[in-house]
Amino acid sequence: MVSPVLLIVIPLGLAFCVPLIGMVSKRFARFVPVVACLFNLVVSVQLLPAVLSKPIVVDLGGFGAPFSINLFVGPVGILFSLLIALAGFVVSLYALAYIDKGPTTRYHTLYLLLLVGATGVVLTGDVFNLFVFFEILCISSYVLVAYRGDKDGVESAVKYLIQGALGSALLLTGIGLLYGLFGTLNMAHIAVQAGSADPIPLFVAMALIVVGLGVEAAIFPLNAWLPDAHSSAPSSISAILSGIAIEVGLYAVVRMVFTVFGASSMLSFLMFLGVLTLLVGELCAFAQSNIKRMLAYSSIGQIGLIIFAIAIATSGSITGGFFQLVSHTLSKALLFLAAGYMIYRSGSMDISSLEGMGKRMPLTAFAFAVGAFSLVGLPPFAGFPSKLLIIRGALADGGALLALLVGLVLLGTVIEGAYFFRVIQTVFFKKGDGETARCEAPAIALVSMFVLVALIIVIGVYPSLIIGVLNSAASELLVRADYIGRVLG
Amino acid sequence: MDRNQLTKWFKAPTKMAHKYSLHAVYFCTGCGVIEIPPTITARWDAERFGVIPAATPRHANLFLITGYVSVKTLRAVIRTYEQMPEPKFTVGFGSCPINGGMYWDSYNTINQLDKYIPIDGWIAGCMPRPEAIFVAVTHLWTLIDKDMADGYKRYRKHYAQYRANQEQVLGELEWPPLFQSEREG
Amino acid sequence: MNDSPMNGQLKKKLDSVFRDIETDVSDDGRLTIHATKESVLTVLSLLKDEGWSFLQLVSCVDWIKQDEIEIVYVLSSYVGVEDGPDAKGEPYAKGEPDAKRESILLKTRLPRSEPSVLTAIHVFANAEPYEREIHELFGVHFEGHPRLTPLFLDREYKIPPFRKDFDTEQYVKDVFDSVPPIDEES
Amino acid sequence: MSLELLMVVALGGSLLTYVLGRVSSRLRNGFAVLVSLALVAMVASLYGKALHVSYYEDFLGMSLVLRVSGLSWLFAMTASTLGCLSVVFSLSYMKGKERTSFYYSMLLLVNAAMLGVVLSGDLLSLFIFWEIMSWSTFLLISYNGGPALAAGMKYFVMSFVGSLAMLAGLLTVYGSFGTLEFGGVAAGMLSASPGYILAIFVLFGVAFGTKNAIWPFHAWLPPAHSEAPSPFSAILSGILIKMGVYGFLLIIFVLVGLRNFMALGADGLPLHTVLSIVGAITILFPTFMAIMQNDAKKLLAWSTVAQAGYIILGISFGTSLSVAGGVFHFVNHAVFKALLFMVVGTVEYRTKGVRDLDSLGGLIKKMPLTFAVALIGVCGLIGVPLTNGFVSKWLIYKTLILERSPFLALVALFGTWGTILYSYKFLHNIFLGQLPEKYKDLERAPMTMRLPMTVLSIVVVLFGVLPGIPLSVINSIDTSFGLKPLNVTLWGLASDTGALNTINILAAVFAGLLIVWLVLKSGGRKVSVDQADNYAAGAAIPKDKYQYSVGFYAPLTRMVAPYLKDFMDSFYMRLAGWVGGLGSGIRRIYTGYVGDYAMYIVLFLAALIFVQLTWSPW
Amino acid sequence: MRILWLVLSPLIALAVGLFFLGLSRRVMARIHWRYGPPLYQPLIEIFRYFTQKGSSHGVLFGLGIVLSLAGSIVVILFLPFGGICSMSGSGGMLVVLYMMLLAPLGIALSGGEAANPNASIGISRKLMLALGYELPFLLIVLAIMTHYDTISLVDIVSAQRETASAFASFPLVLSGIAYLLILPAMLGMRPFEVVHAPQEISSGPIAEYSGPYLGLVTIQHALTTFIGISLFVNLVWGGAGNPFVFFLKMLVVLAFGLFVNAAFPRLRVEQAVRYLWRWPTLIAFVGLILVVTLGR
């Protein structure tokens, strides 16, 4: 059996190979991320059955937990790593065509680093390691946001940097506090001792860590960097940021809250926060006229929904939340990729400039429509089972408060439907006054998009394909003792 | 209703029906129309003879041409006449339709109406009083009885001549000939 | 009565303003203005400004012996004119209206061969049908009139029918009497 | 005939149509017609069967079921027939338009989704097909662009609100009963509390009411119907909105059960009374709106809303007579309203897109057949005896009178008079009166348009003369709901409280016609005159001006217009405006100054810690 | 016997209707201080129309008027006429209400085909006016049907014969008054004569009829008068046991209508509708409420 360490090591190594290969041939360098992601994908898939039967704990350095740095490859981890590898793979395929100007080698290096950071965050079982990987993720994304080098990009990258750095600082402070409290950085170890610790410092540590991670996870009101960064980054990066980066942040928050701190009293607060994030995101997106900003705000909304679902903390709702996470990653990546080429062709990010795109780029527009439908949660696309699961999970409880929150969530969904369908109308049914000649996206980009389209439809029709992973991921989060037991032996 | 009437009803119901329901086109061609209101209202009460004004020529069978007929009016008169369902009867009322009357030398008033449409009877005078209308009506009854109120038949028979006369005065007519075959024949 | 003060006033004013017009006041106090064809419009507008804001009618006379055609504009006012220009447009504003309302005749003569004058529509919009009628019946051309199409008549006449050289008897003989009676025998 | 195969044909046909359209348009057209015909045949072959197939065992733990019952067969039959006719009608209508493959494929998809909705055996598949139907409808409504976009948006948002309410409802049901199959839900409902049932009913009612466009959820319908392509308007008005009726029938009679339903709020304001009052409002207000319309399709659209009110009124009484009336009226409305929309489509097609009632007229001379079918359709809409609309309305009226609801009966009957007004306006302003000069050389409708219209008009008359044919089907539905069966004969109803005998009426009318015809024949000779040979006080007929159609009911409009405000619509529009404004307001949080953003983070952290230290809630 | 009545009742209705037409002209003439035409004047006119040459504007032109007249004849078959009702068991009052649609609808269609705007104006006025009187009329009819708990006209008549006529029994008296108030509108008499205004719109819907068509229209008018009056007698005046009494009752109602007709000028359609929706509706509404609340 392959070691999960490879999931981190190989891409990391390849990332540093990119400049070297780039020196030989820039054309070859482009393929490195593809290869790396493909590798990760294959490894993750191979690991999947084993992980599902029993999580793999890898202790690095030979010491046993809690003393070693360890990787915990549970269902959640493998789910995220699969998702990262998949999204990474698709986006890197897309980037083959899309990233053709500027410092491409650096792009690919940073891109791989970003993915490595993300994979590391989701696989590690150590708080400090988590911080390190998190920094890798963040820093490479700061740079990638500024990839184009134009004023907008640099400005939003700096904004992102400042906020991200603030978040990281808080996170680091929190980790320091934790270490001071418990003398360990192993998550499982902390989790064991959390119950007996002094509540006030523990809460402060938790607040620092959650807020620090929440910046990346784009929880309202910590998400102000997101619209700027997502809209000024290249579309491939926006896809990754939206599809991977904030999800990883979310993972970290969830892992902290559920596993490390076991703070079940926080959950109802998180629930509210999730709904608030959802509503704010959707309302802002509704008022947007810039397509990428709209998609970015929509990501905020979706994150809110996922937080809401996970914070309900029943097995059904967490499954739903993870399902939503998967479908959001796929759909939002697809939306950004499709929008990317449409923006590229029309030369403007204004929604009204997409008029007539349904004629000029039918396939891309189709892919966009599928993404939008899925995100809104219409059958038979992937978004439907996820929304179904979330609401089923929320309503299964039967409480009036939850029912009210579900009402708000559904309201948010309506708003989401409204703005997505407005874009669809613009793309397909408004007669553009400009050109009408076909100018379809390049084949490789189309392939990447249609991989996503196929996945969205397949998952939408056969949700049971992934429901097993999601179920065990949910139980991993819920059954804290199991995690602790696995790690500490 | 005396016996004489009854026999007439049995002999020729159609004629009798036409006689006793003369509905006049309410078409005000000239000054003579001022005599119509007293005729049909309480003072003279034409309705007791079955004479009432009809709203449109489609309902009517009596055309009272009440006064002078200018060239422009002639057009309308012809059109109206042709729209009336057969059998139909025309009565020229006053001097003007007969020979132009006081407008005998007018540049714009036709002098003899019967050159353009067939007339079954005339009421001379300027103006004739309503009693004269009743006299005319009774005369018309006699004519109908005797099959002599045959203006519509004459119109059909000599349509080519009528049409030619109309066109001579009015120039090109904007409506198609009423009787296609006769004109060609 | 003979020489109503306001007409005298107006006469004075007109005489001082225009060179090419003649004014006289008839025995019953009515002011008549004889203007040339060119100044008709200016006089009309001046009169309108002075308060004679109602064009009663436009008429026409065929002076066949002088070989001229005369257009007659009959103007009157809604208010007593000595109330001054301030009161214009206020119908029956002050005092005894009937006693003070006067009408003015404005006459202009045109050559009979090609009578033509500027239309007065721009001063008095209601001149439109009068001018149409005069055009139709006297053959006067009104320059700038938007539609000089027949108003009453159904047809064109070689000589306009109200001209004195139009022989109605002959015309009737030629046009109406030439229509043959219906030949019942054929 | 298996139900899965049916659905596969329906969905696959839609997909394949698009693919074939890439190859050849003739092939595609043929294929689309073939698929829709096959669907009709397949649905027809299901008659009288009761199948129950679980076609997807484990969708997130729920099994999806297709089933056919009497009720669903009737709806499926209507849907597939209308779908087929509409496809045939589209053949000429869509000729030369762009994106036809998309159009046909969506048309078939809507059709398939509707079949799915009515053949679903559990609430989840109902919902899935419902949603597919909703979005494909949205795409078709938006198809024309321009004003259709706003209409499509309105439709989508309202329909989406409805379907999300339905989602919430069905998941609540799942939470309580653990199953979504109709049988299981119905069994569970027997012991449910009235409050619970009411909540479920309201949630589903919003969904079905929105689709059925009953007041106050009607706002989307008039623009959507008028802006959609006409063949699709026919489907939209004829059958698609009737999915709401299906839903109501389903929830009242199959899921909740009639006894439970009638007991809801029985001590205070009974729910079925509320529903019937809603139905009455839905009749009254849109009827007057229809009278005031100048756009042929908008007029028909408002009329659709009004007719939906009759159906709801019928269903809400829950007696065998009223339900039969409601269901029958659904069938009838599907037939004649589809017919009328096709008529408008034909006119639109020939006059190059004119459907303004003020600028048409006199087309009877150019399109006699279209006029004849329009006349039949309008007669059905009014409910003239011997058309199908009469029988269903008769059933509804009779219920209202027998149930001693004279005020509702008043509204229903008065609505019929309103119907006459707008129907006549529709007929007159398009077909009667003076023919405008520019339409002097209009051709009559092409064959593929005349065929479906003729078929539908035959159905209108057939069901009106022999109402026993559909009524026997409906009667079996009635009995399956547990209602007392009606005494249906081929020509109406035999019952002790006033029978209906269409044969008698038919004989009387025919005898009357014959007598009058003979009398007319016995009269003098008739000549045919030109239509333009009219009385105009002797003057020549002015071309294009001798027509009275602008402001046809101006005095009435002047009277009632001030009181007729579609305030629900303006409320929705204002709501949408508020949401937009709220969005722009909230967006101001993101000021663009990174200092503010950092402040948010720090403040949030501080607040968290402060709250915990002060109140320690966590 | 039933067959015989089937044939006879339209003829009786026609005879009575024509008699009413003639009578009304005569009575109006007398009120005008005129002599007036003979009573059989309508018959002469119909005979004259049928011997004239009609002009048709198209198939629908003839068909519409035939449909209209046939509709009226069918309605007559459904109406009890002094104990005689040819088609009692085929749908009752609802069918009558609906069949009464056919008459205006047929005229409207054929008038529309004639393409004369005067006809269109008349029809639009007619439909609006009908909408106006239909509201109180429906209230009245529903009050009566609810009160007697049946939709069958025969039952309504017999129920009234058992007790008192609707006009004289308490909750229904309001309906009866309201019916009287709208009766001129239903009969198309002044002040609700704006539909056929001969001077302004050339007798409106029938402007283009000539010859036999006009004859049919006149017959139709006679039948409509008959239907309107006999409906009143049946619904609120208890019908009658034998045709003669029924006829007398009808005469009284007609006389009432004629006096109103003679006394009033014409109302514009808005004024008419406003009137109809105000007082008669109010009274009929109160009547219906009383019927519903008091029960039988």
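Lettered A, B, C, D and E in written order, each chain numbered from 1.
Note that a contact is a pair of C-beta atoms (placed from the backbone, for glycine too) under 8 Å apart; a residue touches a chain by one contact, two chains touch by 3 or more.
Here the structure is a predicted model, which means the values were calculated and not measured.
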Taking contact as defined at the start, I'd like the list of chains shared as neighbours by chain B and chain C. none
Counting C-beta pairs in contact for A-D and for D-E, the higher total belongs to D-E
Averaging the CA atoms per chain, pick out the one whose centre lands closest to the mean of every protein CA shown. D
So which chain is the furthest away from chain B, centre to centre on CA atoms? A
Measuring between Cα centroids, which chain is at the maximum distance from chain E? A
With chain centres taken as the means of their Cα atoms, state the distance from chain B to chain E in Å. 36
Based only on mean CA positions, could you tell me how far chain B sits from chain D in angstrom? 59
Taking the mean of the C-alpha atoms as each chain's centre, how many Å separate chain C from chain D? 69
Between chain A and chain C, what is the separation of their C-alpha centroids in Å? 92
Contacts with two or more other chains, residues of chain B listed in rising order: 56, 58, 75, 83, 85
In chain D, residues with contacts to at least two other chains: 524, 533, 535, 537
Listing for chain C: what residues touch at least two other chains? none
Dump the list of chain pairs that touch, please. A-D, B-C, B-D, B-E, D-E
Complex interface listing, chain D residues touching chain E: 362, 364-365, 368, 371, 375, 382-385, 390, 394, 397-398, 401-402, 404, 406-407, 409-410, 413-414, 417-418, 420-421, 424-425, 427-428, 431-435, 497-501, 504-505, 508-509, 511-513, 515-517, 519-520, 522-537, 546-549, 552-553, 555-556, 558-559
Touching residues of chain A toward chain D in the complex: what are they? 158-159, 162-163, 166-167, 170, 199-200, 203-204, 207-208, 211, 215, 221-222, 224-225, 227-228, 263, 265-266, 269, 280, 283-288, 373, 376, 378-380, 384-385, 387-389, 391-392, 395-398, 403, 406-407, 410, 413-415, 417-418, 421-422, 425, 428-431, 463-464, 467
Mind listing the chain E positions that touch chain D in their complex? 6, 10, 49-60, 62, 65-67, 69-71, 73-74, 77, 87, 89-92, 94-95, 97-99, 101-102, 105, 108-109, 112-118, 120-121, 123-125, 127-128, 130-131, 134-135, 138-139, 142-143, 145-146, 149-152, 202, 207-208, 211-213, 215-216, 219, 268-270, 273-274, 288, 291-292
So in the complex, which bits of chain B are touching chain D? 27, 56-58, 75-77, 79-80, 83, 85, 174-175
Once bound in the complex, which stretches of chain C touch chain B? 152-155, 157, 161, 166, 168-169, 171-172, 175-184, 186
